[in-house]
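Naming follows writing order (A, B, C, D and E), and every chain is counted from residue 1.
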Amino acid sequence: MTSGLVFALAGVALFAMGAAGVLLLAELMRRVLAFNIMGSGAFLVLVGLAQRNDVPDPVPQAMVLTGIVVAVAATALALALARRYQALGGRDELAGDD
Amino acid sequence: MTANELLPLAVLASSLLPGLVIFALPEERVALRTALNLAGAFAKIGLVALLVAGVAAGEDYVFRYAVLPGIDLVFKADALALLFITLSTVLWLFTTLYAIGYLEGAPHRSRFFGFFSLCVTATMGIAMAGNLFTFFVFYELLTLSTFPLVVHRGTEKAMRAGTIYLAYTLVGGTALLVGIVWLHSLVGHTEFAHGGIASALGEGQAGALKAIFLLLIAGVGVKAALVPLHGWLPQAMVAPAPVSALLHAVAVVKAGAFGIVRIAYEIYGIEFAQSLGLLLPLAVLAAVTILWGSLRALFQDDLKKRLAYSTVSQVSYIALGVALFGPLGTIGGLVHLVHQGVMKITLFFCAGNYAETLGIHKVSEMDGAGRRMPWTTAAFSVAALGMMGAPLTAGAVSKAWLGDGAEAAGMGWALWVLWASSLLNAAYFLPILWRAWARPLPAAWPDEHIPARGRRETAWLLLLPPLATAALTLTFGIFAEAEWSPLAWAKLIAQREYLQAAF
Amino acid sequence: MKRLAVSLGAALFAALLGAALLELGPPAATLAPLVAGTLAQSGVTHPVTAVLLNFRGYDTLLEIAVLLIALIGLTAVARRGEAPAATAAVEPVLTTLARLAAPLMVLVAVYLLWAGAFRPGGAFQAGAVLAAAAVLLHLTRLLPAWATPGTWLRAGLAGGFLLFLAIAAALLAEGALLKYPPAQAGLLILAIESGLTVSLGLILAGLFLFLSEERR
Amino acid sequence: MTEPLPWLILLPLAWATATFLLGPGRGAWLAIAGIAVQCGLTFALAGQLLAEGPQPHAAGGWAPPLGIALAADGLAAVMLLLTQGVALLLALYARGYFAPGDQAARHFWPLAGFLLAGMNALFLAADLFNLYVTLELVGLAAVGLVASGGGAAQLGAALRYLFATLLGSGAYLLGVALVYGAYGTVSIELLLPLVDADVPRAVWFAAALMLAGLMLKTALFPFHFWLPPAHGGAPAPVSALLSALVVKASFYLILRLWLGPFAPLAAAIAWLPALLGSAAILWGSWRAIRAERLKLLVAWSTVAQLGYLFLIFPLIAAPGPALAAGVMQAVSHGLAKAAMFAAAGVVIHVTGRDTVAGVAGVAGRLPLTLFAFALAGVTLMGLPPSGGFLAKWLLIDAALAQGAWALAAVVIAGGLLAAVYVFRVLRQAFLDAPAVEAAHPAPPLLEWTAFALAAASVLLGLRGMELLRLLSVGSAG
Amino acid sequence: MSVALLFDLLLAAALLWCSWRALAAPTLQRAVVLFIVFGLLMTLAWARLAAPDIALAEAGIGAGLTGALLLDALGALRRRGGTGEKA
């Protein structure tokens, strides 16, 4: 078993955990955490799986760099929305979740 | 683009363009609106006259335009189309005149006349459709353009009627669509052709063809008000009188009946339809409708409702004529398409006059109406007698040919149906005439708002149209053998339809 | 109920996908050799930078647009009457430290930017360090939070992206989208990265400073 | 400028940035001019496609797998045409809709510009990872637009939308990771010969993850929960953009993957999207019939109408008009839904009420707007003559040709249910109601743009030839 | 089992544990702190995967900036009287 495969497997687990978190968690901040964990999982699979024979591959690495920047952008937007939503409605959860 | 391609388009445009302009007109531009309406109506009459002359001389008028690969919009002004077009064009003129008088001072007239013109355009499209695709396009357009007319008054009651109208017609349209697409996927096209196109599939597809026939007839049967699909028609009576005239005589019901004719003759072919055993059920359905409509009419006190059930009954004469499987029945059915239109429009004009002038809406309020409004009542009487099939009227001609057709087809029972229907017609019309002419004047009319002036019993524009159409009723009856009569034209169609039948 | 279903589903998914990953043989082909073979024409010697700004530079262009969108969306909702924060005193030692650290961090950023051409580093990392410096200054009350961006700030935020876009458009007019002439590739990449470092620093800092409630 | 293709991406990026530099609420005419040029470019692209066939463009001059390829076939060109056309009219509409100083308008233009750039980039991308970036571009811009309404309800809707879209693109990204792990490339073109029916199980997972993620973004039942509040709550021009175009972008991508690299796998699950689509039609229509708010009714109608798009998947493998039906539905719904939201926006602007009951008497006061609403309704009901009708015809034709009676029945039922909710509004409009004190006069620009969109959706029904000819260019046809 | 693999496995386990705790922690504050730790562990993982560029970016952006954003949001939530104490 190689480092790449270990982290790819961990990535799958992280993704599943994060996705379940986005679906299940009520608190907005925690959903943001869950989304970040989910994203990290996908990144690990991307690099880990491509490097499952432990030869570095710059292409998925560059993709992950792009992905990290996109993730921080989404996180900042989500937090801005959540903070504003709380300021207006005083809640830290979405109303009427179905 | 040749002149022969252009002419069908011009017929469509002569009502479509004025309609579109009228939509944009402000409410108070009465004179311009009236001028546009009449210019359109007269232009159409001129164009139709050209077409009639051309078709009688054997010209072809076809316009074809591809919408999708393998699917064309086709307009074809053949003899059968012209029968319907001429009827609608002439009656459109009268109805427009009547509506101008009827709606004087009422709100939303631009909207009304705009949709009115669209409605007639749709009717022209239905008449000239060269395939089922085109037929369906304009059939649904007719539904959409009549809805605003049915709900024109804007009351809750009108909305209810409009909703019922839509429920029936849209569901019917859906059945029609499925039938058409199914047929299209089997045959590859849906062109109307003498002798039909379905026979190309042969008996092997009999099951599918029967199902398609059922879907198609159900689809057009809603507008033709075949029992049990007729429920919307009596409800739609809340609409203003010119709209009723339009629904019953010019456009909607006729579009359904016309569809039955096209489907039976030019999709299935009458021989093939007979061999599939489709005509007898159609005849039975028509007979049931004829009797049921007449029976229901007997028990209506509301004048317009009684007329509506009468329409249910009378329109099925056309379907019966088709189902009688032979040139004589065909001629009877086709000529009744025209005759029923002329007679029924007279009756609705008159009913509108009673309501507008005296506030009479019910049969029981008709006492003495003939003395107060002799001209209107005379027109009413002529049309009612025509409906019963009295001699010298148009109605007598259609019934005679239908009767001969029934005998020739060996369906003696249909003759009995016709007789029974005539008796029922008499039973629900004669009491009206008796009340109007023979009973004394009441102390006061329910709601008199157009006072009599001299010999004029009501407004000119309300009086002239029914008198004219009543005169037509008599003319078509008396001069049935003339070469310009609807009967002569129906014979021409039957001759072309039964070319191989050594007519 | 929903909790149980989702949790079980996620666990099942992870187990099955994990098993599927173990089934995969060794990689049939990766792009690593291709990148190594083409590196000489890319204008830089560090493969990740070559992918990021040359081979897949178009991805990076769109990615900066994503960041800008997030920033615009954030300024659209941020600071409409949030409660002002209570001002707590800041340790003077911290302030002094921040004063010293900030210029140092700018130096680090410049180094990272320059180093990106031949070793790990580059515009993203440099921008992140710049942003970190700004956040540090803000936390020690040396840099106020930002309200609606003024003209200059907007120009700074969008400048790097605009430069990138302009180079892309110029190259497209010459031939293909972001197709660098091999001779100028290194220079163009450095120009793009410099612009991006400044703008990324401002944007990343902005993600924090526009949201922060602590104003002076 | 020899190739229109990359300019379609650079141009909106440029004007979006420029409007950002100009400052809040400014730059409307710049945006409109930009979109107009994009329209011209799209027509040039369509002409080029018809004349010369598909022309891939290697970004950076590097051919895949090293570089990113851009490609346009007929399908992409049709979607681009729809997008630029609708966007142009909606930009004019938005120019009239947003009063100067309107909070919601402060960031409309740059966000709309990035949104358009993202969609154009998405339509033209031929690289799975590049598609991920475009998906995020579109998703975040759309969320920003929803949130710019500023109220608590809008922010809640935006948050829900954000998490949905992030979940969707996250699943998509994991799929890309698995594909790269299995094949070492993310180029759609290079993947085509590599994928066949007995691929490793990880690739099945990849396909499932990517398609599921995109279905979530397309708001396919039961993933539709985020759509009605987001589309029903945003300002009218935003609702129109989102409902008409944005959901179509992810649908387009599903179609691309389904017909492209995942075609060998798709046959096994072809009935699933159709089943969900049917459920969407029934449930969405039902909720639209029950909706009390006007814009919510229109939004639920989007849920229902998107269902039609998914009915084509069981039919698409066999030769026939199924693809044409789907694209025709996407285009005509795009035009009609934009028109409907625009018209609803006018009604709400004038009456000051966002309820179906508040429509009472509108026929007399806003005839042109009502006409626009009705024409759009005709398309949604699939009545002739309209693009929706042709779509319905083609779909029933394809279904009957393959004996899929159930699908035909769903299409029919959907049309009738649409009639119920459309006429619920029209009926109300024709009621003779006393004129309420008009809150605002109706700006003609708004009325006419709504009408133009609706008229386009109807006129499409009179001429589908060119559209289908364009669609048949390239592999997809 | 080599030392390197053991380290990888431990690191993967730590990642999973950390993320699990971050999602399930009783208070938001602890969740955020655990998440920042998670980010630092991710940096290590990237280093193990021979991806120093990502490791740098993860440290600066993933753990650093995201962490700062989260802490700031947490502070805002506190000041507004939101509890942040709910599980």
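Just so we're on the same page, contacts are C-beta pairs under 8 Å (C-beta built on N, C-alpha and C of every residue); 3 or more make two chains touch, one makes a residue touch a chain.
All of these numbers come straight from a predicted model, not from anything done at the bench.
**Student:** Identify the chains adjacent to both chain B and chain E in the sense defined at the top.
**Tutor:** Touching chain B as well as chain E, we find no chain at all.
**Student:** Would you kindly count the fewest steps from chain C to chain E, each step being a jump to a chain that touches the current one?
**Tutor:** 1
**Student:** Going chain by chain, each one touching the next, work out the least steps from chain A to chain C.
**Tutor:** Contact-graph shortest path, chain A to chain C, evaluates to 1.
**Student:** Tally the contacting C-beta pairs at the A-D interface and at the A-E interface, and name the larger one.
**Tutor:** More C-beta contacts join the chains of A-E.
**Student:** With chain centres set to the mean of the C-alpha atoms, which chain is at the far end from chain A?
**Tutor:** B
**Student:** Going by average Cα coordinates, which chain is farthest removed from chain C?
**Tutor:** B
**Student:** Kindly work out which chain lies most centrally, taking the average of its C-alpha atoms as its position.
**Tutor:** That would be chain D.
**Student:** Once you find the CA centre of chain A and the CA centre of chain B, what distance in Å lies between them?
**Tutor:** Each chain reduced to its C-alpha mean, chain A and chain B end up 68 Å apart.
**Student:** If you average the CA atoms of chain A and of chain E, how many Å lie between those two points?
**Tutor:** 11
**Student:** Between chain C and chain D, what's the gap in Å when you average each chain's C-alpha atoms?
**Tutor:** 30
**Student:** Using mean C-alpha positions as chain centres, tell me how far chain B is from chain D in Å, no decimals.
**Tutor:** A distance of 43 Å separates the two centres.
**Student:** For chain B, what residues touch not just one other chain but two or more?
**Tutor:** none
**Student:** Send over the residues of chain D in touch with two or more other chains.
**Tutor:** 129, 133, 136, 140, 143-144, 147, 155, 181, 184
**Student:** Among the residues of chain E, which ones contact at least 2 other chains?
**Tutor:** 53, 57, 61, 65, 69, 73, 76, 80
**Student:** Which chains are in touch, pair by pair?
**Tutor:** A-C, A-D, A-E, B-D, C-D, C-E
**Student:** How about chain A: which of its residues touch chain E in the complex?
**Tutor:** 1, 3-4, 6-7, 9-10, 13-14, 17-18, 21, 25, 27, 29-30, 32-34, 36-37, 40, 43-44, 47-48, 51, 54, 56, 61-62, 64-65, 68-69, 71-72, 75-76, 79, 82-83, 86-87, 90, 92
**Student:** Please name which positions on chain E make contact with chain A in the complex.
**Tutor:** Going by the criterion above, the answer is residues 4-5, 8-9, 12, 15-16, 19-20, 22-23, 28, 31-32, 35, 38, 42, 45-46, 48-51, 53-54, 57-58, 61-62, 65-66, 69-70, 73-74, 76-77, 80, 82-84, 86.
**Student:** Chain D touches which residues of chain C in the complex?
**Tutor:** Interface residues on the chain C side: 16-17, 19-21, 23-24, 27-31, 34-35, 38, 54-59, 61-63, 65-66, 68-70, 72-73, 75-77, 80, 148, 151, 154-155, 157-158, 161-162, 165, 168-169, 172-173, 175-180.
**Student:** How about chain C: which of its residues touch chain E in the complex?
**Tutor:** Interface residues on the chain C side: 48-49, 82-83, 85-86, 112, 120-122, 124-125, 128-129, 131-132, 135, 204, 207-208, 211-213.
**Student:** Please name which positions on chain D make contact with chain A in the complex.
**Tutor:** It comes out as residues 129, 132-133, 136, 140, 143-144, 147, 151-152, 155-156, 158-160, 162-163, 166-167, 170-171, 173-174, 176-178, 180-181, 184, 225.
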